[in-house]
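Each of the next two complexes has chain A plus one more chain, namely chain B in the first and chain C in the second.
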Partner chain A sequence: MARRLPRTAWFGAAVVVAYAVLSVAAPWLAPHAPDEVFVGGTFEPPSAEFWLGTDNLGRDVLSRVLYGGRTVLLLAGSASAISVAVGGMLGMFLGLRRGVVDLAVMRLLDVAMSVPPIIFALLLIGALGPSAPLIVLVVGLLFVPNVTRVMRAATLSVAGEDFIQAARARGESRAAIVLRELLPNVAGALITEVSIRTGFAAIFISGLGFLGFGPPPPAPDWGIMINEGRSTIDASVWPVVPPAVCLALLVMSLNLFTDGVGRAIDRTAR
Partner chain B sequence: MTRALLRLIGARLLLSGLSLLAVSAIVFAVMEALPGDTAQRLLGRDATVQALAVLRAQLHLEQPAWARYGDWLGGVLHGDFGTSLVARRPVLPYIAGHFGYSLLLGGLALALHIPLSVSLGLFGAATRRDGPIDATISAVALLGMSAPEFVIGIFLVSILATTLGWFPPLALIDQAHGPLEVARTLLLPVLTLNFAMTAYVLRQTRNAMFDVLRSDYVRLAVLRGLPPRHVLLRHALPNALAPAINAIALNAGWLVGGIVVVEVVFNYPGLGRLLVESISFHDVPMVLGAALVLSATYIAINLAADVATMLLTPKLLVR
Partner chain C sequence: MTATDLVRVERLSADYRDGAGWRPVLRDVSLTIRAGEVLGLAGESGSGKSTLAALLLGETMPERRIRAGHVRFGGIDLFAAPRDTVQALRGRRIGFVPQNGGASLTPTMRIGGLLRSLLRHHRPELSSRDVGVRAERVLAEVGIPDPPAALRRFPHQFSGGQQQRIALALALACEPDLLVLDEPTTGQDALIRQAMLALLRAIRRERHLSILFVTHDLATLAQLCDRAAVMYQGEIVETGPALDVIERPSHPYTRKLMAALPRMDDAALADRVAAQ
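Let's look at the complex of A and B:
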């Protein structure tokens, strides 16, 4: 399948990998500490010392963007992992199990999906106080119903196939059927879900940061940076533009990758 | 309309009612999770024991949570949403006023969204697949899909409002006089919402159109020498509309959450901003009311979308 991936998908994957490398290497790459304040150096334009200028408190924007990338990738990646792990297992289980359990759980998920996600997240995080683990957990769980639906549908489309029936007839355990027969055939859907949910989670979590419900300082988050910089955008655009562009580029690359994998699966299926 | 269809719609209505009940319980339970006791939070650390006791009795805090939930829900059903802890006045007028502004913004955004996104998708499909025009539209759509709405909003404000001065940077609609000024304050938030929503519907319309255009009956229509515009609008479009309507319905649901962020960006006095502010103030009755009304809107939109899809599915209409 990898050879059928369009060039745009490779570009998307390359950008995401670059983001990951830059995030891991942030402590060595960043010229300053993310919360180091340079007194008298507020709203500096880009210079040799501050490549992307400084913000309203005189902090280096480049360093904050690099560390912010860590926050976004870690939080969005973890939330996506939770939603795909839980939703993937649940979806595959329901797709193989069918019957009353399937029906009951799906109706329950319908009800869960009737709460607007952002409102539920704001209420929970507002009530319990923002912290990184809580944000990851809430966002991860909010995406579970969607992932479950997709993975259940993917499982249903394979479950009737002869090789699954044959494995059942051979008396193989459910775990063996899932691991050896089902998983390789729904892997494409699983990969697309990881990529879609990571992009959604990145937007969602920076949106929370923008609304004032992001991870608490000192961890700089792109959403928080954008919110802090927007009230002083008249004085300088540098605190706002870099995190905004980085966020949009990350989500766009994830979308390109998702799109490409989806099209490759489509072509394989035809 | 057939009996099977009516039964489906009835079941969907029942599910919506149950969802609304579940949402009210979830919202109430989350607010119960607030640390500390409401009376203590309101009066501060140095409140006297007597004052605390009086306020606790006023707020019925000595009752168990389920009893207070019953009281609250009963009140809501009678139009009594309780009293704001911050403003010390009934919640309902606040919610009604802010909800009206949100409906206006959301309704206008949707009114522009439907014709704009469908016609852009059609336009893309009318050109050569993956040709320069189609590719440009797809690329711009991808950008709109990737940038979060607060990023789009801030860029629109900094270019069109702060730099060029064509529009006010804040949408203070409650201070605007006359329809012209109201329209000017609404334009940027409406544009921001549309930027975020258009891509999805546009792509669905375009892809569905290209699929339909490949089918035999459309090719036959072309071979019969019918004018291209006629084939596109009369033969292909009706069959490509279902995915577009589905996408529009999903966007309408997204709008309930998207409007929260956009209202904060533009300081627009809608229900979403009221919710965000009330959460920071720990104003529990206001939060409960705003969250309930927003959730009810979300459920109503999804219900309407599902019923519309059912009505548009010919299989359900025939039997």
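Let's look at the complex of A and C:
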């Protein structure tokens, strides 16, 4: 399948890998500490010392953007991992199990999906107080119903295949059927879900930061940076534009990768 | 149940889910398969023969229900026995070859992986070396050339006829007592069909196993089976020695099936040959 990936997907993957490398290397690459305040240096334009200028408190925007990448990738990646692990297993179980259990769980998930996710997240985080583990858990669980639906549908399309029936007829256990027969044949859907959910989680977590429900200040979070810079945008655009562009580019790259994987799977299936 | 009966189907009735209700697919079916016997099960599409074959594996699913009756394999009631007991029989003592052998092979697994995982699951006492030897031997038995190389290949790297033989090898790998073949020769050309029947005759001769051979082609029954049963609309309408059923069918449906077989001495064919 890798040879069939379109160039746009490779571009998307390269950008996401570059984000990951830059985020991991932030302590060595960032010219300043993310919360270091330069007194008298507020709203500085780009210069040799501050490549992307400074914000309303005189902090280096480049350093905060680099460290902010760590926050968003770590939180969004963890939330995506939770949603795909829980939703993936549940979806595959229901797709194979079918019957009354499948019907009951899917209707429960329909009810869960009818609650607007942002309201649910704001209620929970507002009540318990914002912290990185809670944000990861809430966002991860919010996406579980969507992932479950997709993975259940993918499982149903494979579960009726002759090779799954044949595995049952050979007396293979349900675990062996899931691991050996099912998982490799729904891997495309799983990869796509990881990618989509990471993008959604990045936007969602940044959105929570923008609304003041993200990681507590002075954490270098892109959503918080956009919100703080928004109120002073008439003084300088530099505190707003870099985190906004970084967030948009990350989500676009994830979408390009997802789209490419989806198209490659379609071609392989044909 | 006599001492030589390996399988006994007793007054079995089963339904398929049809919208909000249930549609009968098997009606009061009874038959036996003796040890070492080849039973042919014939009938048109939708007559219930594939469902009966699946139920010999004790398979249950939400879309199907057993209304009445039993299937006993070696004395074990497959619908009353614990799930683990029935699961242990499948693949180990009951081998199953579906109609589309190629589609029954997991596309993402090599043939070696398929055979080895099956043998390790049902025969945990075998060493890795023995598993490898058995895998090669069973591929050779079904006529796959160069078994060591074949074990490293994926299913799509074989022809349709070879895939069917590999499906047969998987069914035979654990040395079952019963082989259930669900239309294994359907859709194959005449030469491959004949080769498959010859292979099945040889396997039967060497292994002395029981076979349920499901087909809609009465002509193939005569070449392989000791006894034949004919199904029509979920019921067994005729059963007896295979040659008797074919040469002297007693039920009107069986006579209709026999009449539908193409013959070289058909008047229409003779006319056409004469015209050319």
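To be clear about the criterion, the second predicted complex is superposed on the first by the 269 of 270 C-alpha atoms of A that agree within 3 Å, B and C clash if a C-alpha of one lies under 4 Å from a C-alpha of the other, contacts with A are read in each partner's own complex, and residues count from 1 in each chain.
Methods note: a contact is a pair of C-beta atoms (placed from the backbone, for glycine too) under 8 Å apart; a residue touches a chain by one contact, two chains touch by 3 or more.
Values in this document were obtained by computation on a predicted structure and should not be read as measured data.
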| item | value |
| --- | --- |
| Clash-or-fit label for the pair chain B, chain C on chain A | fit |
| Chain B, chain C and vertex chain A (Cα centres) - angle in steps of 10° | 100 |
| Which superposed partner A:Leu247 touches (first chain B, second chain C, both, neither) | first |
| First (chain B), second (chain C), both or neither touched by A:Ser114 | first |
| Which of chain B and chain C A:Val17 touches, first, second, both or neither | neither |
| First, second, both or neither for A:Arg168, with chain B first and chain C second | second |
| Touching partner for A:Asn185 - first (chain B), second (chain C), both, neither | second |
| Contacts of A:Ser206 with chain B and chain C, given as first, second, both or neither | first |
| Contact breadth on chain A, by residue count: chain C or chain B | B |
| Contacts of A:Leu123 with chain B and chain C, given as first, second, both or neither | first |
| Partner chain in contact with A:Arg98 - chain B first, chain C second, else both or neither | second |
| Nearest Cα pair across chain B and chain C, whole Å | 12 |
| Footprint overlap on chain A, where chain B in one structure and chain C in the other make contact | none |
| Contacting residues of chain A [partner chain B, same complex] | 107, 110-111, 114-120, 122-124, 126-129, 199, 203, 206-207, 210-212, 223, 226-227, 230, 233-234, 237, 240, 244, 247-249, 251-252, 255-256 |
| Chain A residues within the chain C interface of the complex | 98-99, 161-163, 165-173, 176, 180-181, 184-185 |
| Touching residues on chain C, where the partner in the complex is chain A | 54, 57, 59, 61-62, 87-92, 96, 98, 100, 103-109, 113, 117-118, 121-122, 167, 170 |
| Residue ranges of chain B in contact with chain A within the complex | 15-16, 18-20, 22-23, 26-27, 30-31, 33-35, 142-143, 145-151, 154-155, 157-158, 162, 253, 256-257, 260-261, 264-265, 275-276, 279-280, 287, 291, 294-295, 298-299, 302 |
